[in-house]
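Each of the next two complexes has chain A plus one other chain: chain B in the first, chain C in the second.
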Partner chain A sequence: MKTIAVIFGGRSAEHDVSIITAHIPVMQSLHAAGGFDVWPVYITKVGDWYADKAMNDFAFFKQSNYEDILKRKRKVRFLFDNGLKFIWPGLLESKIKIDIVFPAMHGTYGEDGSLMGLLRMAKVPFVGCDMAASAVAMDKAFTKQVLQAEGVPVVPFVWCTKSDWSTSIFLEKSAKLKYPLFVKPVHLGSSIGITKVKRQSELENAIEVAFHYDNKVLVEEGVENLIEVTLPITGNDEPELASVERPLNKTGFFDFKDKYLSGGKGSGVNSEYSEIPAKIGDELTKQVRELGRKTYKALGCSGIARVDFLIDSATNKIFVNEVNTLPGSLYHHNWRKSGISSVELVIKLVKLAEERFEDEQNLIHTFSSSILQKVGGPKAQ
Partner chain B sequence: MKDLLSRYHPRYVRSLVYMMQASEYRVRDFLRWFWRVRDFLHVEQRKELFMTSKSLLCLAVGYGFLFILYALAIAVLVWGIAWWQYPVFLLIILTSPFILVCVVSVFLIIVNFLQQPIEYVIIRQVGQKLAGHRGLKIAIAGSFGKTSMREILKAVLGIGRKVAAPPESYNTPLGISRFVRTLKGDEDVLIFELGEYYPGDVRRLCRLIRPDIGVITGVNEAHLERFKDIERTRKTIFELADFLHEKPLSPCIASEKGGNGMNTGATFGVKVYINGENATARKYTRARDVLYSRAGTGDWRVEDAKTDLNGSSFILRSDSRTIRAHSALLGLHHVGPLAVAADVASRLGLPTGQIEDGIVKTKPFDHRLEPKTNAQGVTILDDSYNGNPDGVRAVIEFLSSLKGARRWYVTPGLVEMGKKKEEVHKEIGRELSRAGIEKVILIRNSVTPFIERGLQEGKYCGEVMWFSKALGAFAALPNFTVKGDVVLLQNDWPDQYA
Partner chain C sequence: MKAAIVNNLAVEYIDEGKGPILFLLHGWGDNLHTFDSLLAKLSASFRVVRLDLPGFGGSEAPEESWGVEEYAYFVKSFIEKLGIPSYIIIGHSFGGRIAIKGVGIGLLKPQKVVLISAAGLATNRKVRNQLLRLIAKIGKIALFPFSSDVKERLRLKLYRKVGGEDYIHAGALKETFLRVIGEDLSPAAQKINIPALLIWGEKDTATPLLNGKRLEELIPDSTLEVLEGAGHFVHQEKTDSVAALIQAFISQ
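Moving on, here comes the complex of A and B:
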């Protein structure tokens, strides 16, 4: 039996979404599959780490006082001693070795590569994209810059950091863009802090809103006659594509409520707000799939990701909008409609993680040198 | 240890009362369940204790007695002076859960005994009311399929006649009496299910109802644990046929809906409809009895019968009439009961169009091969109230007819199969194997290993998955299924057996 740690929560605006993803479908599927000793690892909003099997049940987080309950438990500590070990210190210290980690964190400190860096240091296989792809995909501006360089179409955009923020200069840069514009905090997902701006007078306010969430802001052109579609992908070297999905949102663009709160009764997230497969015609579907595959490879994604697209239905122009390295609830609703059950999906992701880890172990990371002996010695002529 | 301590938890009394209520206050069934239970904190899994005056009285007696018992134990501890005060205290405390069960059982026997004269009066009054009722009384007996037959008759006859039937599973003298008291007297047709728990039950109900015609849906191993042998089950169910054959043929009421019960003077012509697809029942057909099956009933022949996830369709043809039947009911095993309903309707004078409309109105009943397609495109066939071998066979046959879908069969097996337990469950395994069902989910208990053995004997090629609890399997299923899958939930054990 493999011991698997599912890490979720964290210091992120998408903290609660992460709790949902960790349970539905990740932990539920791992339990259903059997063969796993599942350890839920919850990071509180202030950054405390707890590992307790009581959190396997989603009902735990439905208790209004779950944070108080956790405070009475021992926090978990880690040992990076040729692998990852959990330690609960105290008089009756207990310790377990973790065979694999399933990060189920969205947003900052989880999906942005931070956690992946930690897990690389710990020398433990982990599910999903590696550190570099996660860090780039987390930054919407970086993503567009990389994709632009790889010849993947993106909408015209400008960006700015909080320290560089100067109304006049940035407004001047933005003046080259065609309204309506979208103002986005570059590091946040789940559409948090995004504002649609229809005229210049609204722009400054929208940027200030975005700066409440992030230190870096992206302003980009909106697409006319917009059709939004998204494409979940899994795989390492050979990506496997799910169905192209079209959100049936009412507000003009995906917002947090559409994505996570508009699911049907008892259906978890994402069940009734989208059309799968998207009825956009065979040609557009084909192009979306090709661009999705190209984007996935260009960013160096592995394990799982989701590529979002904007389509101008009048010109049939397709733009890659962003890449999400941990789709909410793994977009299991889409995979299920594409013939992959949640259990199959989760098992596949675990396998992909192990394969990537094995490849990584075959690389040479250290070599012998005499440089230390030479320090302070005579300089070579 | 945890299980043992659950007997000392404050919830223990509530659990006992819940078990009594779920056993319909039958002391024998309650005590059987009591000896099976290990953890008394989690007996209310599928249902909860429903607060009635009887259950509240039992709660009061339970908690009251426990209080007295503990007070006595403390009194012994405080005021006892001899050496035995500590062992006696411990003895009272340790045996209190068992003393309590004895006390509530005796209390229940007394209550049931005291209720008898009251029940006798109620039943007598109801019997008199029914004797004076002008409607055609149809009684349904059998080990399985009674509720389906009741609902089919209700839907088909209800299109042209005023029909009444007890709700849910009101099939005991008291349950039926409760229903009869609600009747206005202007109903054209009354339909009753006859519950058979012990020999003589059906006869007693027949004396109360005085049915005009009967339907015997079949005899099988359901409740074999109580009846001990199938012949005793058969005799109990056929008490309906015995009753009807002892009286003359009933007049056929041909009044229009809401009319005054104009009697044509003609007789109904049939005493009992017997399910011809059930070998045991078929053997006991007598004169004036009519067999029914998917081939037809009486003068009606079934042609071109088809079924899929959208429902069933067939043509009913007699020498003079043709009925084109479309029903949302799934499975060809419903064709026979639908033909019975059409025959009764025809004998009651309903025109062809009305009979067709009535059949269109039949739809799957709650938890009986009830299809539900979820947002992910997975079709769930909820057959959780079907727990008998004939029903299982029919449903596997239906599942095998579905092509192009991955099929899941989820079951904890059947209960109360008595000495036929092994044989019945092995046969289920063999049938699943023959039907080529792709995935079988079994719940760990005393009977499912026999299903697994049947699967092995049938050289099953699909995948078998095991779960320790049915509720766990139901919760996990969405993680296994994909669009287009068909999942059959076959029988859900009530808390008594779970």
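Moving on, here comes the complex of A and C:
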């Protein structure tokens, strides 16, 4: 039996969505698969860590006072000792060794590479994209810069950090873009702080709104005659593509309210909100799949990711919009329509994590050198 | 829906229509959509600006507790941010409170003011409000021996007994709620020196008609219009009548 820790919650605007992802489908499927000792690890909004099996049940988080209940429990500590161990200190100290970690966090401190860095240091296999891909994908400007360099089409954009913000210079940079524009905080998901700008007089206010949430802001051209589609992908070296999916919400924007709250009965994701496969024709579907694969490889994704696209339906031009390294609820509704059950998906992700970990262990990280002896300084006594 | 940063708080608002500007303030626990039906009647002839007040709808809550005056200051900053030159202010319930305070102390300078079922006068609710404040203050000490679940149940029972539903649902704004209801705005109302239209539902139980009558006495240039059979949300219950009253008042 493998001991697996599912980490969720965290200091992120998407904290609550992460609780859903962790339970539906991740822990639910791990329990259904059997062969796993599942340890839920919950990080509070202020950054306290708790590991307790009572949290295996989603009902735990439906209690209005669950935060108070947790406060009465012991926080979990970690030991990096050629692997990862959980410790609950105290008179009756207890320890468990973790064989694999399943990060189920969205947004800052979880999906942005921070957690992945911690797990790399702990030398424990973990599910999903590694640190570098997660960090690049979390930054919408970095993502576009990498993709542009790799010849993947993205809409024209400019970016600015808060410390470099100067109205005149940035407005001059933005002047080359065609309206309507979208102003976005580069690190946030779920449409937070995003403004559609139709004329220059609205631009400064939109940038101020984006800087309220982030220190870096992206301004990009909107796409006319817009069709949005998304493509979930799994795999390490050989990406496997799910179905191209089109959201059917009114605004055409990928929004958490639509995905999670529009009536899904316990499935975690509202399966009524999208068209799978998207009816965009064979040629566009083929191009989307090719660009999805290229994007996944260009960013160095592994395990799982989802690539979002913008299509101008009049010109059939396709642009990659952004990459999500932990799709909400793993987009299991899409995989299911592609013939892969949630249990199969989760088991596959665990296997991919172990394979990547093994490859990583086979790399040479240290080598002998005599550099220390050659450096001058006081002689040893 | 648009967003703006005002005094370091992100707020959502809607700005639509063309013509003289109406600035709408919603009630406690409510949001800008309370005026949706009224909008349909007014946006053809007016530019209507309405926002989710801090702590409500899609707007961020203030980090510290606010009183009515802080809300009035915020509204002033918002109006300045949008560069609204002249306007008519319309406030429902708690929004009416903000309008009375803001206009009364000279922070807000509209051409006219419309108060719909406005709150803010110390009347028969004074005892209830004082009780709520007392329970909030001593509740923690008195309930100390009980477990957290029992404490929560007892607290809710006490608040319901004194009619404190708004307090129960105030969430993070509990302290703000206590500050807001603790202030009698009679002195501010007396200082309103612009034309005021008061619209009340005859059967309003949240801010009973008595408040409307008292405000009519306090505000020198004011007219009270009472709509039969309507309650506290008179602008939703009798939208046509309320819109007609507002239009007639503005065109005077």
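The criterion applied here is as follows: the second predicted complex is superposed on the first by the 370 of 381 C-alpha atoms of A that agree within 3 Å, B and C clash if a C-alpha of one lies under 4 Å from a C-alpha of the other, contacts with A are read in each partner's own complex, and residues count from 1 in each chain.
The criterion applied here is as follows: a contact is a pair of C-beta atoms (placed from the backbone, for glycine too) under 8 Å apart; a residue touches a chain by one contact, two chains touch by 3 or more.
Given the structure is predicted, the values throughout are model-derived calculations rather than measurements.
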| item | value |
| --- | --- |
| Chain C versus chain B on the shared chain A, clash or fit after superposition | fit |
| Partner chain(s) touched by A:343 [first = chain B, second = chain C, both, neither] | first |
| Superposition-derived comparison: chain B or chain C, residues of chain A touched | B |
| Partner chain in contact with A:32 - chain B first, chain C second, else both or neither | first |
| Which of chain B and chain C A:286 touches, first, second, both or neither | neither |
| From chain A, separation angle of chain B and chain C (C-alpha centres, steps of 10 degrees) | 80 |
| First (chain B), second (chain C), both or neither touched by A:53 | neither |
| First, second, both or neither for A:195, with chain B first and chain C second | second |
| First, second, both or neither for A:205, with chain B first and chain C second | second |
| Least C-alpha distance (whole Å) that remains between chain C and chain B when both complexes are overlaid | 17 |
| Overlap of chain C and chain B interfaces on chain A (superposed complexes) | none |
| Residues of chain A that touch chain C when the two form their complex | 65, 68, 193, 195, 205, 208-209, 212-213 |
| Residues of chain B that touch chain A when the two form their complex | 374-378, 475-476, 478-484 |
| Of all residues in chain C, those that touch chain A in their complex | 2-5, 8, 10, 148-149, 152 |
| Of all residues in chain A, those that touch chain B in their complex | 25, 28-29, 31-33, 264, 267, 271-272, 333, 335-343, 346 |
